Each structure stands twice: as structure tokens, then as C-alpha cells.
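One structure below.
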Amino acid sequence: QDEDYGLGREATDKEIAGWNIDVPPSGEGLPDGSGSVPEGKEVYQAQCQSCHGADGKSGQMDRLVGGKGTLASDSPVKTVGSYWPYATTLYDYVHRAMPFHSPQSLSPDQTYAVTAYVLHLNGIVDEGTTLDANSLPKIKMPNRDGFVRPDPRPDVDAEACMSDCKSGK
Amino acid sequence: QDEDYGLGREATDKEIAGWNIDVPPSGEGLPDGSGSVPEGKEVYQAQCQSCHGADGKSGQMDRLVGGKGTLASDSPVKTVGSYWPYATTLYDYVHRAMPFHSPQSLSPDQTYAVTAYVLHLNGIVDEGTTLDANSLPKIKMPNRDGFVRPDPRPDVDAEACMSDCKSGK
Amino acid sequence: LPLPISQALAASNGSGNLAPNVPKWTLTQGEPILSPPYGHPSRFEDGVVRTPTDLTPTKTSSWSFTPLQDMNGTITPNGLVFERHHGGVPDIDPDQHQLMLHGMVEKPIIFDMAEIKRFPQVSMKRFLECSGNTLTEWKQPTGKTVQDTHGLLSCCEWTGVRLSTLLRAAGVRDKAKWILAEGADAAAMTRSIPMEKALDDALVVYAQNGEALRPEQGYPLRLILPGFEGNTQIKWLRRLEVSDAPYMTREETSKYTDLMPDGSARQFTYVMEAKSVITFPSGGHTLPEKGFYEIRGLAWSGRGKVTRVDVSVDGGRNWTQAKLEGPVEPKALTAFRLPWRWKGGSALLQSRAIDETGYVQPTLQALIDVRGLNSVYHLNAIQTWEVSSDGGVSNVHV
Amino acid sequence: LPLPISQALAASNGSGNLAPNVPKWTLTQGEPILSPPYGHPSRFEDGVVRTPTDLTPTKTSSWSFTPLQDMNGTITPNGLVFERHHGGVPDIDPDQHQLMLHGMVEKPIIFDMAEIKRFPQVSMKRFLECSGNTLTEWKQPTGKTVQDTHGLLSCCEWTGVRLSTLLRAAGVRDKAKWILAEGADAAAMTRSIPMEKALDDALVVYAQNGEALRPEQGYPLRLILPGFEGNTQIKWLRRLEVSDAPYMTREETSKYTDLMPDGSARQFTYVMEAKSVITFPSGGHTLPEKGFYEIRGLAWSGRGKVTRVDVSVDGGRNWTQAKLEGPVEPKALTAFRLPWRWKGGSALLQSRAIDETGYVQPTLQALIDVRGLNSVYHLNAIQTWEVSSDGGVSNVHV
């Protein structure tokens, strides 16, 4: 069962470094570099606001800002600010997938900066903030503890009534 | 199980007549009309010989003539004359599928005639023959009794030897 | 000489290709072989295609639906398998595609496609469903057809190597509990997969219904996690990183989490629970007359085999057990069928799947009672189709 | 600001899309959904297509082969199902297609397509093989690839109505023993079917792998006779006539009869006997290096389930039982697999299927001993592929 098939070859550190782009909550893998809120505003205005709006609320694409306090309402607004549990996810996602038409084109400094700016728009960090590999994982997001695990399903216990059942609901 | 699904409708005699083109060995379904060997030669030359050759042997398409006595040889030649067990099959097939580019275009008279001609080329009927619904099914084809039924297979009884077997054959 | 039969009949009857006439396509040679070498459906089936959602602002992060109302049996032909991409469909040269396996392993490895195909192979028929399937149906009946309401659902025979085989080749370290799977598309799509699933029935596949994976299904390589929500089954798979903790990617935090009425959200809700839907008659069909019809549909469960499907024609008051087409495979679409006589008048058609864990597909109200109206994903409620007295069929809530 | 990682790496390494570079298809949006609405394979799979025979003088009475050497699993995608037509592929309007059922019945009936689809439905995965499959291989190894030698073979999930259901609707008379099945193509293809088969597992199908039958498979309606030779499974089915005797059509006299050395010919040899073939490695493949490979292939029997497949790597001297992929269905392609280490040097690969009747797939010589060299059809012998010391694989007789 644990036969050595002799297939594949050892990946080099350099090869791994080129592809290992993820940033988990521990911050592992965050690159050197840093970016400030004002620098992030520049990046955002040049590369993001056409899709996400100047305020992060009014773009054609996903809303990035606002919604705090709405999650338990009838019309919840889920954004980076109101919903996302980790700031590392923002760095990770922006670097891997944004801007939409040029994924992985932002430098580490640009990514730290625009991450700081989006957090600032959400009132999570103040205007003087500079983010780097050390500070980013430490940010406590408002909805950090909003998630339930493990999956509590099955969460309904229907019966297979066969005749004269209560119809529908 | 024998539920009446009420699907489909009764086919009329006229509808059936239009599609019921097969001619089995009994001759059932053969139409009125007749055709002679000389008439068949005309049909053949006009509509068949371009593909099957003037003599029924030398065309690009299936050979129709000859091969008698070859079935048990190393190089059997299977034709209408040497192999086919029923003359009705010839009428049936020529009407349903020939000429190749205009199937079902021959009239009954033409079909009787060209059937007679192909049989004549094979030495099965003589030049004076005229075929019709009555005479066609009575023709005894040379290889009428050449077919074995039912299927005698399985006809080999291989063993699943697992080791040190006689290799290959 | 008289007219040949076929021409005589054609002359005698106006209705062209119907009996007693010999249809025109019988009277002339058809198309040659290899018309074309890789075949396609009849032009008379041109309407049977995937259809787009109108809910996304881009067409590269978007989805399309499988036309279930026109299909029969349990296999989805590759050309009709639903799509859900976040960065479009990449055009990958398989000779330049690699799979990297690293992280908490003894030996990080890179495989090329030829190497992956040499590993011991398995095939299994398994369904694929987006956890967003049916999401428009929480508040009111929205989709017109079963393609609209349930079309993020397909089922193929997948062939590849068990993920556990690859993990053993790299040597997973003791504390490893999660695997990040990443795609080579423009979204570099990533999800965290529990080690338990990876070692159970997870596959890394390169073939789908006999041939190579389709581009929109992850060509040349994708993850298959039988019974899990579609988004986790990473397409264009390029990287697997083993870890002791989940990665909290955007698709498992911002998306694919299920918001409850109290404002909390369920996370890592992977399993697609038992569900079924009637595909005939379904929204948009019309019954031409009273009489015999067979009610037909599909049932599936991410927890294993479907063991029973019940059908109601009176909106859930009375139920009859339908017949299942065998062999029933776990985590695969299962066809069910029930004979029915439509006597005219209105009828409310429903189906209800039960799986091998005993779980019974719930009503929509039962789901809403627990989850409210804003959890978006995992709507696996009983679907109702109303047959009205004119034979028209439409989507209703009861 | 420094260069982004992806660009820095691209600059540092010439090999484009390989690690550590980020491949170009990750750096830009891919194709939108519905590109196209009915999907097709990747352009990198353009070579995986049906190929023609060179034995026929016309292309409308001809055949094409399924590319088994490039396939995995047991389903044949509809675009790759082998073809055998005698008058080309008709372009049939399903609204103008009818099925007539007449002869020795209580009530002759005409059905339109909509009516046929309303009957109780069944689906089953069954193989389809032309009895002429492998016919070039009697005297010497001829085909280069397994597509050439065994490509008149496919397997689909077929959906339709049991022929017995239709026969009961018409009421078959007591003395009825045969049924003539006729197609609406230019060959008006006809075969006589024994009543016993018609009442056993014969189907009249309109769907194939989930969608409508393909034109080259008989759209909109065909007969499926599981385990019988392909020619009997009349495509473009328009007529069924019930009778007390066989019809002796051209295709069951001139053709599809098996000439024995004594000059007699076997007739109505319907069943496709147990057969198997290794598809990897097979003719035309090249093993790139010594080491681990999995020997893979397909096995099938017209008499029921495949119960065992043995594999030899030394030309039939020693055999090892291969693993079968389940669930094994009767009269369906069954995948078998066996791990193997190629140590270099020459190897003679063979497979041998055994079915539930106990029938063992024979050697070619055993067949020739009984049937001579001129019976044309039903060559179900063990196939040999030779791996030579340079890793090339070719078709040989041992």
C-alpha cells in the first residue's frame, strides 16, 4: 500500500517559493515589505475604485465597506468590515485575484498598502497605519468570532409521513 | 403490468402498406408486376453497372456474380450466386437500398427485372425468365442449405491456466 | 412502367415524411462517417444547452446551468456539465501544467501530468452540485424551469488517482490536519480541505465520462471531493499544501459560509445533504392531454446512497414510494420514477429523498425555521411543481 | 516599489509556465461561461477523435473507430462513440419521426416521439460492439493502435422504454417468434430479432449518456439489444413487424454470417462473447522510462457480467488476476487494472476475460482451429501488445 511508485520529483525551495502565495491567519508566507493607508489610497484609486467605487460601497462589483451591525438583520450586508474574520484573507485574496484583470500583479508593498486602505475605509485601522508581515496578522477583525464550527448539520429532522400529512410547510 | 397506457394510435392499412416493404422468403408483400431478364439488363446497365461492373464482377462496389465452389476454399468469394440463400433477399435489398444514391426509386417491374438479370448473370435463371410475386419465392438458390442455425457457440472451451502455461497459441 | 411505390405515395399524400410516405431522409444517402470526427448533437436539439445566470456583473466570475428538464438518465454529458468559475476558463497546455504537493510532508514533490496518469487509477460516478444551487428559491418561487432552480447539478464518471495515494508518496507529517488546494486559474481559487476527507474518497482526476476533463471542469486536473459542495473541488489544480490549520481563504469566509438569523455564520459546511427534484413534468413543460405520464426525477446525497424517494401529487399530503434505477451508487445522481395518471385539474408534484443515514429531505419551511432567509447556500428543500388544469407546469411554493 | 513576485520570477526563469513561474493563464481572466453553451474538449485534445476505416469504397457505408488508447473509465462520451452506417447519417426531424409496430399483433400501432417518451422509462449502461470489431487481425497483426484493432466498441447509459412494454401495448399473437426491426436511413437497415430477446432486455431508446441520442447513433430512436452484435441494434428505428419466421435480410445472409472452413456458414450469431483488451500500454504508446506503470484495459461479455480478468506480461505463460472497477454491470464495459513494474527489455502484454457463464476468452489460435481464417466476424481472441526494450508498444501475434 505504501509502495514507492517513483513518480514525481522533489520540488526545490525556489519552485515552492514561486507558487506558495497563500497567507493563512498565522501570517506565514507574508513577504517582506510594507504599505501605509495613504499609499493604499493611491493604489486603490488607480486600480480598484473603477470596480468597487471610491468609497468601497458604490461600485458595480462586490461591496467592500460597511454593513457593520447588519448581520442579524433581515438585510445583512456582508463586507470585509462587517463579515470577514481575518485580515490575512484580505491580503491573500487581493494579491491572488485582484485587480480582476491582472491577478498577482501587485507588489508586496502595494498589497500591504491597499489592504491597509480597505481596512481603514471600514474603520478598522486608522489613517496612520502601516502594515507589514508582523502587524497584519495581529489585526482583530470585528466579526472574528462570528463563525460557527464544526458544521452543525443535519439541522432539521424531517419525518417521512406517508399519508394525510400536514401539506407543504 | 399489462396496463393500457393509451399511447399511440391504431395504424391504418394504408399507412402500413406504405412502409411494409420487406420481402421475406415466403414472398409475402411482393407487389404486383413482373420483369424479365432482358428488361433487367436495361435497368442494370442504366442504374447498376457503374458501381458493380458490366459483368457484376468488376465494379468498385460489392461483387454480385461468381464464386460458386469457393466457399470452402482459402479464398472464398461470397456473392448473390455463391452465397445468398434466398432470392427474395435480392428483391428486398435492391428495392430498399439500391441504386445506392436513390434507394426505393425502382418500380416493382424494374425490381423484378433487375433481380432476374442478376440471377441470370449468376447462371441461376435462364435468359427467358420473367419473375413475379409467384415465381420469385420459388427459386432455389445454390447455397440455400449452406447456413447453420442455431448459433453453435460457445465453440471453444479455453481454460484459465494461471502459471507455466503453454504460451500464446 | 408505373411510378415507384415511394414516389406514388409521396404524390398521394401531403404530409411529407409521415406514414404512408417514405420520409425524404430514407430516399437519399445521409452524411458520411466523421461528420464531424468528434460528434455533436442533432440540430433539432439546439435548444438543449447550458444557460447563464443573470445575477453576476461579469461573465468570467459567473455560472451556467445544466438543462435537466431535457435530460434522461443519470450521466451528464460533458458538454452540458454546469459551470462555475471565478476567473474564467484558462486555456492550459497540459505539458506545462504541474501539481506541487508541499507543506507538512516528508518530501515536497512536483508531478507532471504524465506522472500523475501513471499512478494507480480509480473511476467513480459521482454528482457535483454547487452549494449555491437553488439559492434563488428561498423567498419565493423564482426559476421558471428545473434548469433555473436546480441546474447547478451534474453527474459524471470521474477517473484519476486517489488523493491519499499522492499524499502517501509525499509522506504526510503527524500533525497535519488540513490541505490547501489551489487552482491555476485567474482566481487562483483556494479552499481548505480536511485531512479526513482527503484520506477518505478524495480524487485528483484527469478524465470525465471517458475522455479528458473539459476545460470548464478543470482541464487538465481537478480535485473531486464526492458529496462536498462544488466550490471545494478545485479545478485546474496546481498546488496542494499540507498544514495543521485551515487557511481561511476568501471562499470559505466571505463566501460559502451560511449566515444564521442571530448573525453568526456556519463555516466549512461541506456536505451536500440529501435532495431530489422532479425533472418531468417540471416548470415549462406542458402535458398535452389527460392520461398516463411517468413522473421522473433525480435524487442524491452527499452522505452516501439514496435509499428511497417518495413522490406526492397533492402537495405533500400523501406520498408514494418511487422506483429507483439501479445500481444505486453512493454520492451519485439516482433516477427515480413513478407511474401517474393525470386526470386533468391541478396537481402539486413533489419528491422527497431519504439517504442511507436516514436523513429525510426537508420542506422549505423546515429549513427556514432553523436558518432564516439569509443563509444563501445549501437549499435542499422539497421542490413543488404545479400542474394546472391546462397542462402547464410551473414553480410554486406551497 | 519592487517588481511584483510573479513578474520578478518570470524574469528570472526562462521556462514560462513551469514552477517557480506563475503560468500566464493565471495572470489574466480566462474565457467567460458558455464558451460555448454546448461545450467541447480542450484544443490540446484535438487528436482524440474517431478515425475512419480505409476498407470501404464509400464514406456513407463505412465505419469509424473510438480512440480507446486515449480514454479512461468505462463511459464513451457521445462524440466518440464508434460509427457504422450503411446509408449515411440521416438528418431526421423528430416531429416527423414515427414508430410503426405491426404484423402478428392484436392492434397495429403508430407512435410519435412524444408518446414513446411517456412510457415507463429505464436506463442501463451497456456496451455496443460491432461484430466486425477486430476483423483485420485474423491472419496477422494489422492495426497499429487499440483504436484500429478494437475501436468498434463503446459503452453508454441508454434510456428508453422496454421493447416488451411496446409489444404488450400492441398485443403479440401466440405464434409470433421474430421481429423485423427497420431503420429510416437510406439503407432502410433491417434485421430479424428473436422474440425471446425482445421480451428479455431489449430497449427502444431515445437518450444516450443523459442527452438525446446522437444522429450517428440513431437519433431520434434506436433499438438496443444488450450484448448482441451492433448491427442488430437498428438505428433511426421506424418499424417493428412481428412474424413467425425470420426475414432473411441481406444483413443476416450476405453479411453478418460466419463462414466456416467446410463452406457452411453460421447464421444469427448474435451474442458478442467475452472479450478484453489492454488499452494502456497499447500499440503506439511509448513507455518513457523503466518503473511503475498500471496496466489498464476493458473487458465485456454479451452473456452477462465479467467476473474476472487475468493479465499476463510474458505472452500468456503466467497470469495474475487484475482488479475490476465496480459496480460491475452486466453487458457493460468493465475496467480492469493491474500494477506493473517495467524492468526494461521486452514484454508481451495480454488480458483474458472470464464471464459469469464461466466462458474464458480464447487465444486466436483456438478460434482459428475451429473457425478457420474466413469467418470475418466475432474475433474475440486475446490481444497481445509487445513492449520492446526502447519502450515502444506494438501489435503482435504470439
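Labels for the chains are A, B, C and D, by order of writing; each one numbers its residues from 1.
Simple rule for what comes next: a contact is a pair of C-beta atoms (placed from the backbone, for glycine too) under 8 Å apart; a residue touches a chain by one contact, two chains touch by 3 or more.
As the structure is a prediction and not an experimental result, all values here were calculated from the model.
Enquirer: Touching both subunit A and subunit B: give me those chains, sorted by label.
Expert: Chains that touch both subunit A and subunit B, as defined above, are C, D.
Enquirer: Using the stated contact rule, I'd like to know whether B-D or A-D comes out ahead in C-beta pair count.
Expert: Looking at contacts between chains, B-D has the larger number.
Enquirer: How many angstrom lie between the CA centroids of subunit B and subunit D, rounded to a whole number?
Expert: That pair's centroid distance is 28 Å.
Enquirer: Approximately how many whole Å separate the CA-defined centres of subunit B and subunit C?
Expert: 49
Enquirer: Starting from the mean Cα coordinates of subunit C and subunit D, work out the distance between those two points in Å.
Expert: Centre-to-centre distance between subunit C and subunit D: 26 Å.
Enquirer: Going through subunit C residue by residue, note those that touch at least 2 other chains and give them in order.
Expert: As it turns out, subunit C has residues touching two or more other chains at 19, 26-29, 58, 87, 100, 110, 118-119, 186, 188, 238, 292, 339.
Enquirer: When you check subunit B against every other chain, which residues touch at least two of them?
Expert: 5, 7, 11, 15-16, 19, 21, 100, 103-104
Enquirer: Make each chain a node and each touching pair an edge, then name the shape: line, ring, star, complete, other.
Expert: other
Enquirer: Touching pairs of chains, all of them, please.
Expert: Every pair of chains meeting the touch criterion: A-C, A-D, B-C, B-D, C-D.
Enquirer: Tell me, which parts of subunit C touch subunit A in their complex?
Expert: These residues of subunit C touch subunit A: 57-58, 61, 86-87, 100-102, 107-111, 115-116, 118-119, 168-169, 180, 182, 186-188, 190, 238-239, 241, 243, 245-250, 253-254, 257, 259-271, 273, 308, 310, 314-319, 352, 354, 359-367, 369-371, 373-374, 378, 384, 397-398.
Enquirer: Using the touch definition up top, name the residues of subunit D that touch subunit A in the complex.
Expert: So the residues of subunit D in touch with subunit A come to 1-7, 9, 19-22, 26-29, 291-292, 339.
Enquirer: Touching residues of subunit A toward subunit C in the complex: what are they?
Expert: Residue positions touching the partner: 1-2, 4-5, 7-11, 15-16, 19-22, 24-26, 60-61, 71-72, 74, 76, 78, 80, 83-86, 88-89, 92-93, 96-97, 100, 103-104, 146-169.
Enquirer: Hey, which residues of subunit D end up touching subunit C in the complex?
Expert: 16-19, 23, 25-35, 37-45, 48-52, 58-60, 62-64, 70-81, 83, 85, 87-94, 96-98, 100, 110, 114, 118-123, 157-159, 184-186, 188, 206-207, 209-212, 214-216, 219-220, 238, 288, 292-294, 296, 325, 327, 329, 335, 337, 339
Enquirer: Per the contact definition, I'd like the list of subunit B residues that touch subunit C in the complex.
Expert: 3, 5-7, 11, 14-19, 21, 31, 33, 100-110
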